[in-house]
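Think of it as A, B, C, D and E in the order they're written, each chain with its own count starting at 1.
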Amino acid sequence: AAASLKTALDEIAAGYEDTTRHEVTISYAASSVLARQIQAGAPADLIISANEDWMDVLQGEDLIEVASRVDLLGNGLVLIGAQDTEPTEIAVGLDLITRLNGGYLAMALVDAVPAGIYGKAALQNLGLWNDVEGQIAQTDNVRAALALVATGAAPLGIVYRSDAIAEDRVGVIGTIPEKFHPAIIYPAALTISSGPEALSFLTYLQGDEAQAEFLRQGFSLPEG
Amino acid sequence: MSLSIRLQHQLSDLALDLDFDAPSGVTVLFGRSGSGKTTVVNAVAGLLRPAAGRVAVDDWVLFDTGQGIWLPPHRRRLGYIFQEGRLFPHLTVRQNLNYGRWFAPRGARRESPDRVIEMLGIGHLLDRRPAMLSGGEKQRVAIGRALLASPRLILADEPLAALDDARKAEILPYFERLRDEVSVPILYVTHSAAEVARLATSVVALQAGRVVRHGPASEVLADPSVAPAGVRAVGAVLQVRVAAHHDDGLSELEAGGERLFLPRIPHRIGDELRIRIPAQEVILSSRRPEGLSALNVLSGQVDTIRAGEGPGAIVSVRTPAGMVLARVTRRSVAALGLRQGSPCYAVIKTVALAPQDVGGRVVAP
Amino acid sequence: MSLSIRLQHQLSDLALDLDFDAPSGVTVLFGRSGSGKTTVVNAVAGLLRPAAGRVAVDDWVLFDTGQGIWLPPHRRRLGYIFQEGRLFPHLTVRQNLNYGRWFAPRGARRESPDRVIEMLGIGHLLDRRPAMLSGGEKQRVAIGRALLASPRLILADEPLAALDDARKAEILPYFERLRDEVSVPILYVTHSAAEVARLATSVVALQAGRVVRHGPASEVLADPSVAPAGVRAVGAVLQVRVAAHHDDGLSELEAGGERLFLPRIPHRIGDELRIRIPAQEVILSSRRPEGLSALNVLSGQVDTIRAGEGPGAIVSVRTPAGMVLARVTRRSVAALGLRQGSPCYAVIKTVALAPQDVGGRVVAP
Amino acid sequence: MGWLGPAEIEALRLSLRVSFWATLVTLPFGIFVAYALARWRFPGRQVLNGLVHLPLILPPVVTGYLLLLTFGIQGPLGGPLAELGIVFAFRWTGAALAAGIMAFPLMVRAIRLSIEAVDPKLEQAGATLGASRLMVFGTVTLPMILPGIIAGSILAFAKAMGEFGATITFVSNIPGQTQTLPSAVYAFLQVPAGEAAATRLVIISIVIAMSALLLSEYVGRRVAKRVAGS
Amino acid sequence: MGWLGPAEIEALRLSLRVSFWATLVTLPFGIFVAYALARWRFPGRQVLNGLVHLPLILPPVVTGYLLLLTFGIQGPLGGPLAELGIVFAFRWTGAALAAGIMAFPLMVRAIRLSIEAVDPKLEQAGATLGASRLMVFGTVTLPMILPGIIAGSILAFAKAMGEFGATITFVSNIPGQTQTLPSAVYAFLQVPAGEAAATRLVIISIVIAMSALLLSEYVGRRVAKRVAGS
């Protein structure tokens, strides 16, 4: 599963194991890593990716059960700053440059990591991209971007809502309205080599108990 | 057993080109510093691969560039005593000594370690490591290590240079024993005239990578024109028998009916010995000397007179005890009117016959 | 300048405990392998920190555990010739030679590198690295390196052991010159009787870390009971003047009206010399010998007769040329009826007076 | 270790096992390659040298990816090996392989330097005493380079303990199989509030690696003393 | 290099610059620390030793995070240094710092081993000839350990060329400032179909590192020849 799901999934898996006596083994890594491993024949039953593109690739290679593919979760993007920054509404014409004050905007890799890709799209749609393009500090994952803001290295950052709410040292300036970026989707699917228990776990993940836990961790449920 | 060596090799500014046969016994390589002695020994050991040549012990070929034979060093069964010791720093003295024995073939003649250790006086050092030894102690261990490897050929590169005279005197007989009893060929590099005189069966004098003189030790030593070991090493060898040991610390020897006295030697009465009488130490007299402190007077006739370079001449005197060489000035030769056939007396100081010059047995080349 | 040394130190199984003053000139440390010679030299050099002691050159204290003085090695201005060479492998011979000069204080007495290089015969090696040198060549470079460091104290640990006789004979005069002209104190370790005899101003005999005999070389050498360099090194020193050089290769010396002949020496007529006459080489006669090949006969009276251990005795004979020592058997002493005051003749072979034993000037201790 | 959860203890034990085996198994290869590079001249020597250093130069992810391609179940080596019963993919053995390969250049460099410091004259002396090349190696070279071998092994062990990028890419992050300490640290760092757990694991890593280091210093000093004899 | 985009050439140049300076600037420290560890006995020696090895043991992300905490603008060292005009945050200098620190243990180990192989008797000989400790170091020890220094430097350079985790965590990925080759490779690997571009960059890394390696072998052999003289 995508590494950012760890906290929530660990909880849910524990609950699932308690109720069903089935054992669940979860390997957390970057979505790209997981996809490549499945390409290389990893003995996985179920993949939850943070990245639709990689899921499409796997689907294109017939490595997943197309029928089982669901959009399991959603997430939101937030603009964060130091703990005490004033919340603002994020809209076109945001004075991002002023707020950066010469500093850097921390994001995940804008062409490679999903959070960065979504963030770049948002900035483009907000008409800010051209202005800040040279002032973006890109990290290999969202958490590192969060850390840059948390340690004060960067004044602002764009990260997932689920990451931001748990970090005390940063304050959320505002949520980026969903209309500015493509829907953030965590697709899940069974692999072609999966057993029956995998389906039951996937079903469990979509159950109320699991969904409540996901919501508690700051994820959203996909529309529809 | 005889060792034959033919080598051609070019070093930075030394062209090695030599060819000699060493009869069994000790072949001393003699020459000035830098004349190529160590290089020759290394080639025999297989540590240096000469451009061309052949080395063989009897018909056992160690290498031959012509036939394309090349035995690696570890198959040559050598006891190489290096000029710089080369003890294994990570092993104790005992382990260093035993090193060669681990690899000796089962059937090989074996030295008794206890005997070697005792002779070298290193019993108290066995558990130390080389870094804790003095220079001479290191060299003694290196000698022991080579001897205990049951070698079929001993290469000794100035093995005794670092040792004091007393220790030298103790170790020399051991090399003699190896030479005489075990008949291991020994290639021995030394600068010491006394060692040449005492050990050498044959002497190879090197100069700038070439052999300038080569022959049986007794010949080379008796030849004042070469004297590779210095004129002081010229001398004759007499075959004697121990006749008596006297209370005043002298031993009496008998040779061809003549008596010779020298400071007490350890041999038993009746033992056959060879003693070297350095030409240096012999005075000639035209009449029987009287009232002299020298106890040994041999009468005989002049056999040959060979003038060397410089003011000296070597006079051979035929005596009942054998041929004796005397190194005297040409002026004395004239003053005494010596010529071939002249009767004369050879006077030899008792104390000049040092135990150092007495060998258990000297093999004639 | 005089060197005073007091040391106490415990090595693995050697307790070093010694105290001696070395007058200016060459102090030879003599003793068997493992007796602690190198350890003493290292302590003087500052490479070993002894438990207690003091080393000073005149009033320049190198260290003193009492006063808490400890000069680090590089402040001691030493020329240390190591037993194992220790050349810098990454430097050429030339750079090795120059190494000490880089650090010598500006005002220091400077040896001429050319002179030293020439004397050591290493001119053709200057651009090589130590790995490409023979054993003797290495040692010569090591000697040169130490001499060129403008040292105020020379430590030489068996510097000539690896060299051939001819080279030794060439280098020895250089040490003599250092001793006589430059008055650099020299602490010299050797096993060679000839070197002791020739160089030593005073001799310190070590045994198991302790001084067993210490005194001026002429005394220690004349004492048959100690003979640290072996009985063969016992001898007398005569003050002579070069009288003539003869066509037959002999030089004639004059001493107290007596004439002595020896093989040609390089000195000029009129030069004052000291020559050593080894007791070994002297025969005594109760009547004037005739018809003998020996050209040198000195008449005199017996001064003292000292019996050593063994069959020998050292007889001192007072002659017009000076005191001469003879090593003879006790049996001869009895046979000739020698006692104090007896008239007698000392017979010395011409060829026995080798150029090796002739020093330009021998400083009385 | 009351403050460690079972999963963390699991990760710790796995890390130790992986690093231990990675070091032990690569050691003979490391010594061999170091010796070959130090003492032999053969064609392809520089290629070998380059190959050995590759994992150092490449981003670990790339190394992991290459391993995945090569030793994966469908890889050119992974397939045949799997038939022999040697499976690396998604097993702890794979983690050990990744760690070993990442640590290999460090090990080889250290051992090679110490081989180059051994005076060939001593090896020659061994040969004249009858020891074959292999015996000389075993009785002279090997004991004399022990300090270098220890240094190299500990370096490799430490590197293996810290290896992460190649491991997670190659064999993923499966608890009990391939989730080593660094992978666990990574996972914790990817989620909010994981820092405390991550810190705990990092401290454990440090303690272990430092102990190994201290031990190696101690052993290395004793060995060096024996070797130098002073 | 027609097949490289300007961004890639930029990354390449930056990587070279970062690795070069990382190696060069750490070298004196590396030599000093290696010497201290090899030849001196002082309290805290083991602590220093441990500290030096830390970057090897820790997951690079952790090292990067610690660097961020220490040398960040608000870090205890970053602040004062910034006042002196030395800023690491989001600069290539920071990337060099990260790379240097990650490579430091490798460099120190290599140099230390070669120092330990120098016979102290030669240093003693230098001292008796009048050279002070420092002079002995400069004229005897340093030339004799040159092969080790070269080996250590190249190892460090190679490591610096491949460093990624600590760098991106500490100074992130700013094109032209801190986007080194490995960051670029990482980015390409994160997206499907990025392999071709990643491969291109990897090959460049390999070529550069291999050239450095070959050069070091060559120089090292020449120096070793001079030092051993054979």
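Everything that follows uses one rule, which is that a residue touches a chain if its C-beta (ideal position, glycine included) is under 8 Å from a C-beta of that chain, and two chains touch if they have at least 3 such contacts.
If you want to know which protein each chain is, UniProt gives these names: B, C = Molybdate transport system ATP-binding protein; D, E = Molybdenum transport system permease.
Every value quoted in this text rests on a predicted model; they were computed, and no experiment measured them.
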{"item": "Any chain that touches subunit E and subunit C", "value": "none"}
{"item": "Longest centre-to-centre distance from subunit B, chain (CA-based)", "value": "A"}
{"item": "Mean-CA-position distance for subunit D and subunit A (Å)", "value": "35"}
{"item": "Where subunit C and subunit D are represented by their mean Cα positions, the distance between them in whole Å", "value": "60"}
{"item": "Distance between the centres, which are taken as Cα means, of subunit C and subunit A, whole angstrom", "value": "90"}
{"item": "Of all residues in subunit A, the ones touching two or more other chains", "value": "none"}
{"item": "Multi-chain contact residues (two or more partners), subunit D", "value": "61, 65, 186, 189"}
{"item": "Subunit C: positions in contact with at least two other chains", "value": "84, 132"}
{"item": "Chains touching one another, given as label pairs in label order", "value": "A-D, A-E, B-C, B-D, C-E, D-E"}
{"item": "Subunit B-facing residues of subunit D, complex", "value": "121-122, 124-133, 135-136, 139-140, 143-144, 226-230"}
{"item": "Complex contact set, residues of subunit D against subunit E", "value": "46, 49-50, 53-54, 56-62, 65, 105-106, 109-110, 113-114, 116-117, 147-148, 151, 155, 158-159, 161-162, 164-165, 182, 185-186, 189, 198, 202, 205-206, 209-210, 213-214, 217, 224"}
{"item": "Complex contacts: residues of subunit A adjacent to subunit E", "value": "30, 32, 35, 53-54, 56-57, 104, 106, 109, 111-113, 136-140, 144-145, 147-148, 151-154"}
{"item": "For the subunit B and subunit D complex, residues of the former touching the latter", "value": "45-47, 72-74, 76-80, 82, 84, 86, 88-91, 99-100, 102-104, 128-132, 145-146, 149, 155"}
{"item": "Subunit D residues touching subunit A - in the complex, by the definition given at the top", "value": "61, 65, 68-69, 72-75, 89-90, 168-169, 172-179, 186-194"}
